[in-house]
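The following block contains the structure, expressed as structure tokens.
Per-chain numbering from 1; labels A, B, C and D assigned in written order.
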Amino acid sequence: MSSPKLQVAVAGLGRMGLRHARHFATLTPRAELIAVSSPVQAELDAAKREWPSVRTYLDYDELLREETGLQAVVVASATTIHAEQAIKAIEKGLHVMCEKPLSTSPEISQSVVTAYKQSIKKFPAQKVICGFSRRFDASYRDAHRRMANGDIGVPSVFRSQTCDKLDPSGFFVAYAEFSGGIFVDCSIHDIDLALWFFGEDSVVKSVTAVGITAVQPELRKHNDRDNAIGIIEFYGGKIAQLYCSRMMAAGQEDTTEIFGTEGKIAVNTQPQLNLVNLYESTGIRREIPPDYYGRFREAFITEANEFTASCLDNTPPPMRLDGAVKAVKIGCALQESLITGKKIEFDEIGRRIETAKL
Amino acid sequence: MSSPKLQVAVAGLGRMGLRHARHFATLTPRAELIAVSSPVQAELDAAKREWPSVRTYLDYDELLREETGLQAVVVASATTIHAEQAIKAIEKGLHVMCEKPLSTSPEISQSVVTAYKQSIKKFPAQKVICGFSRRFDASYRDAHRRMANGDIGVPSVFRSQTCDKLDPSGFFVAYAEFSGGIFVDCSIHDIDLALWFFGEDSVVKSVTAVGITAVQPELRKHNDRDNAIGIIEFYGGKIAQLYCSRMMAAGQEDTTEIFGTEGKIAVNTQPQLNLVNLYESTGIRREIPPDYYGRFREAFITEANEFTASCLDNTPPPMRLDGAVKAVKIGCALQESLITGKKIEFDEIGRRIETAKL
Amino acid sequence: MSSPKLQVAVAGLGRMGLRHARHFATLTPRAELIAVSSPVQAELDAAKREWPSVRTYLDYDELLREETGLQAVVVASATTIHAEQAIKAIEKGLHVMCEKPLSTSPEISQSVVTAYKQSIKKFPAQKVICGFSRRFDASYRDAHRRMANGDIGVPSVFRSQTCDKLDPSGFFVAYAEFSGGIFVDCSIHDIDLALWFFGEDSVVKSVTAVGITAVQPELRKHNDRDNAIGIIEFYGGKIAQLYCSRMMAAGQEDTTEIFGTEGKIAVNTQPQLNLVNLYESTGIRREIPPDYYGRFREAFITEANEFTASCLDNTPPPMRLDGAVKAVKIGCALQESLITGKKIEFDEIGRRIETAKL
Amino acid sequence: MSSPKLQVAVAGLGRMGLRHARHFATLTPRAELIAVSSPVQAELDAAKREWPSVRTYLDYDELLREETGLQAVVVASATTIHAEQAIKAIEKGLHVMCEKPLSTSPEISQSVVTAYKQSIKKFPAQKVICGFSRRFDASYRDAHRRMANGDIGVPSVFRSQTCDKLDPSGFFVAYAEFSGGIFVDCSIHDIDLALWFFGEDSVVKSVTAVGITAVQPELRKHNDRDNAIGIIEFYGGKIAQLYCSRMMAAGQEDTTEIFGTEGKIAVNTQPQLNLVNLYESTGIRREIPPDYYGRFREAFITEANEFTASCLDNTPPPMRLDGAVKAVKIGCALQESLITGKKIEFDEIGRRIETAKL
């Protein structure tokens, strides 16, 4: 109780930023939320009402300058400034937990890793992670533990999907302008999981993707789709199948299966909101989580707590940062294949194989 | 193909009679439906249209007299004449498959058994069974096989329910006049299963029941209820819990659990119509069978085929007839307890223990 | 963040006491654990190591005397001293959250309520609750909300079970000496739920129970059983069916169904540990929570937070205290019926109807 | 009963041939099995024992010559002679039900359709179908009916898998020599379903596939794989994702999902052998069907009965024959892509687009 708490600031108070702020303010006992930044004054005002003692900043740089006791920054701003804000905090020696993706550009994503590699020489206890929330989910961890334990033999086929509930408001059309596309925005989680289950050093042999705009043809102006299927082929005899969609009727359907030579592990193939089943004149019904947060709230809280513990106790962070770059690279390649219709191939050291110009 | 087929008549062409007739006419390759009887001319006319070669009778006795090639009778008439029709066929040396219950009266039920015991001396190959359809259901058989194999240790607690979909037409109110009451009509199946799983020689120590009329208060005029709960205590440390209802919204919910000292087997605790799940804006939904026949159709067909095989091949019938009397006795005792509010106790040789008059 | 935290002490550091202490120490942001008591020095030592700033007491009375800043006490000691410790705290004007049951005796349970009714005149903001954890479970709350909303018509039949995993160590045999018996210890939760769903003012008409000792015959020396079935009949046409067991093979199986005139709500009828399914050579398998805490941990944490909020904000406590006495009364009547084999009846104002001596 | 029965012969008495023979012999009341052919004398001997009145032939041509009363032939021989035997029967004006695939070659498959188109001019009541058994499955039919009814809006994404239980005997390695490869052998069903759900006139835009040999590297010598993933892109904004495997641990896992713009239908995403769940010390377990027949037996029987009815009553056959050619074409293209690693594209009238030589 009396041990000092990690002094945390959150950059960005949008949908996820506000959630992170709340997790650190009230659900992470070893952390203390001391400051927030947002370019939106109304968001800062609301934060002030919710946590009167927390200091608020319109300017992230000012926050970094003023908050001399600061130890860690949670970057949860717009994706386009993730990398810039993360690097600034890294260079000050602060711990950083950055929302995914580091950037929609592999190069910019890499620059965060480079900055961290540089900085850690000076600040050897510094922790920087990119928040792939599913790695903190109890079910995914149980699945990974069993796989690592050899329960399914050699994991060989991976199938995973991130399928969002249809949002008829048109939000995703506007969002698509900067999201990097459906593979970078949605499937990035599935790609990260594939790397986690197949090994983070797995080398991609090829990617292919196809997609459609079944409900929101306007997405095409941003080179995006509302439903897409992708295949990732890895060297060493492993394959992954992805499905991403923004068209689900019932709610969030994020499911994953890992097929091994001796068994299979399925995560969330029977989605559910809770343990309630309703018996009605139309049959038996259960609800499912309406969105990503409804499914993974506990994982986000675990993430906040484990990141905090890792910073305070100087223990290894829960995941490698460079995996986040790899996931973005794969996501971008899938998105490119989705748009061009071409299969993209790589050699065994990860260099793209240029096919003949057609 | 060329071996002679069992020559079968069906008595009664109501809901279940017609189904039995169809099963024997087209889904029991080793049987041939040759005649039907019904007191309702329209039912006979319909049968004639469906099977032109089948002979029809308004009078069951005439059928027995005229059909000299007849080998087996399926009694599926009104419950009140089950016993009488069964006994007439038995006395002619015919095989009999009688719909449950033999009678709503234990004494009359017993008279069928007595007639059979008498008749079999003269016709040693004669088969008479009372159709407890669940014993022919693949899932119940799988459960019984596992239990008999010792998979759950000693079966000790049994819980089972027969819960019908609400029929707002008032059918059950009229039906209750002759049904023997909800425990004799619905729970008879669960009682038979309890005897099957605990052993047919199990001795009842006590029965208790309570009930309500939640949706059809008119049932009270026939001393019946629309929802009832019962407990059967057996000598030897075994207990059974029953629930019967005519109020289900979603469809037929017949579930059974057998708790043993080393495990439990559950049958149909997740009811379903088929393997389809519907993902809709209100969640995930599946339908369930609307009625008893929707759940047990395959079992009825198996019953027809196994009864036929037993008759043709002179192999032991699939179940003992005297169990049917025992089930009726228990059902009647539960029904009495339901109405009087008294617990009824029995000694170790099955005699009722009269409690002091209160 | 800066608002003062509820100053809490926990009495008892056994299995549940330690859990409560942890919930208040680290998972209840608005509370501060300041002191603990236990008659076991080793437990206090362990607490000191876990929370160096928390003060420890061998003597509960000393804790009450010394901790002048104390605002709330969590009573989680042995059941036999729940009431005494609760009353002492109540009389000091402290808020109290007492583990269930208040006592295994209805009279002693009532004495806690009486003390609270007396005390609240002097301390009108005082909160005293008995912790029925399931009322804080998200699934039960969802079920209750739907029922209260009329989604299933009139709730008429209630079926619930508390079934513990078999503990072959013999723990429960020793525990049975003071537990009040399986209906008071296990089914108390189901009884409380029945009252919650049917209305806390529901009047019991009769109770009946039977039971067996399938795995631990030694329980008989404490007048207890390892499997028991009970029926509660309420005035007004409502019935409840209970099953309690200490023999489950797979883990904790606590399920509840509420049958209404227009639908049914089922809670946890498909138990599961998490969202993982394992596909193995023997089929598809999932694990289930090993114990009560595995199933209800989140509910306990919610309970701690809501109790804290109610104390700090002087809002109504999440449940009425007198319901806890009623649940014990019903549990004791069921336990008596279990042992005597007699049905116990009550009149419409709750007085027991004495049947003729037999 | 007295109406004449369809006179049926079965060619081939291997695994599926024997099953078809049994279905027609005893589970298709309107059909009569009169003859069988097989090049294996032992199989004929066994058939003779099972059905003494059935005539047996080592030579299929002789069967066709001798059986003058023959009306229909079920071709269930080795895949390599499906087409030849089918065409011979077609040219005699017989009804034909041919096991899938017509051939592993699109051209040969087409020749069967051509023969039928020719023959039907002379025998206008002639029925020829290729047995895609899933179209007769109650769950798939329910799914299709709901989709056709508009329940899920516009079907846009299709995902389906045929995953066999691992057979460690090496059977599939030998079988792969003539099977046409995993996409032609297994996925042909999923492809047929895709055409059924998306419309049989759907035009393929591209196919891509990847695969591995996780458990049986010997398959490579026959240009086959034991796990493969494929994508089919259709003109008109529809995409399909396939997975085929011969590596499942638990049993047959054939699941299908159809994602529409307003909902999704899932078939068999929770596979099960029956309605039994086993509660054991390791959790809750259910078995699943061990093989394709275990899952689809009822569908095969329905197929036999509906084919028979269509022949006897001269009603439209349950499916179009040319779809079977289309499915083979798509399967062959996927298999080619699997082996070459190239995406294969088609123009809007189905002609393959040759990409630049690389």
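Here, a residue touches a chain if its C-beta (ideal position, glycine included) is under 8 Å from a C-beta of that chain, and two chains touch if they have at least 3 such contacts.
In this text, all values refer to a predicted model and were calculated from it rather than measured experimentally.
A.B. asks: Where centres are the averaged C-alpha coordinates, which chain has the largest centre distance to subunit A?
C.D. replies: B
A.B. asks: Using mean CA coordinates as chain centres, what's the subunit B-subunit C distance in Å?
C.D. replies: Here the centre of subunit C sits 42 Å away from the centre of subunit B.
A.B. asks: On a C-alpha centroid basis, what's the spacing between subunit A and subunit B, in Å?
C.D. replies: Their C-alpha centroids are separated by 57 Å.
A.B. asks: If I count partner chains per residue in subunit A, which residues reach a count of at least 2?
C.D. replies: As it turns out, subunit A has residues touching two or more other chains at 248-250, 262-264, 269-270, 273, 279-281.
A.B. asks: By the document's touch definition, which label belongs to this structure's chain graph: line, ring, star, complete, or other?
C.D. replies: complete
A.B. asks: What part of subunit D is in contact with subunit C in the complex they form?
C.D. replies: Listed in rising order, the residues of subunit D that touch subunit C are 248-251, 253, 271-273, 279-288.
A.B. asks: Can you list the subunit B residues touching subunit D in their complex?
C.D. replies: 1-2, 25-27, 29, 32-33, 51-54, 138-139, 142-143, 146, 151, 262-270, 273-281
A.B. asks: How about subunit D: which of its residues touch subunit A in the complex?
C.D. replies: My answer: residues 152, 154, 156-157, 159, 206, 208, 210-215, 227, 229, 231, 233, 237-239, 241, 243, 245, 247-250, 259, 261-264, 269-270, 341-343, 345, 355-356, 358.
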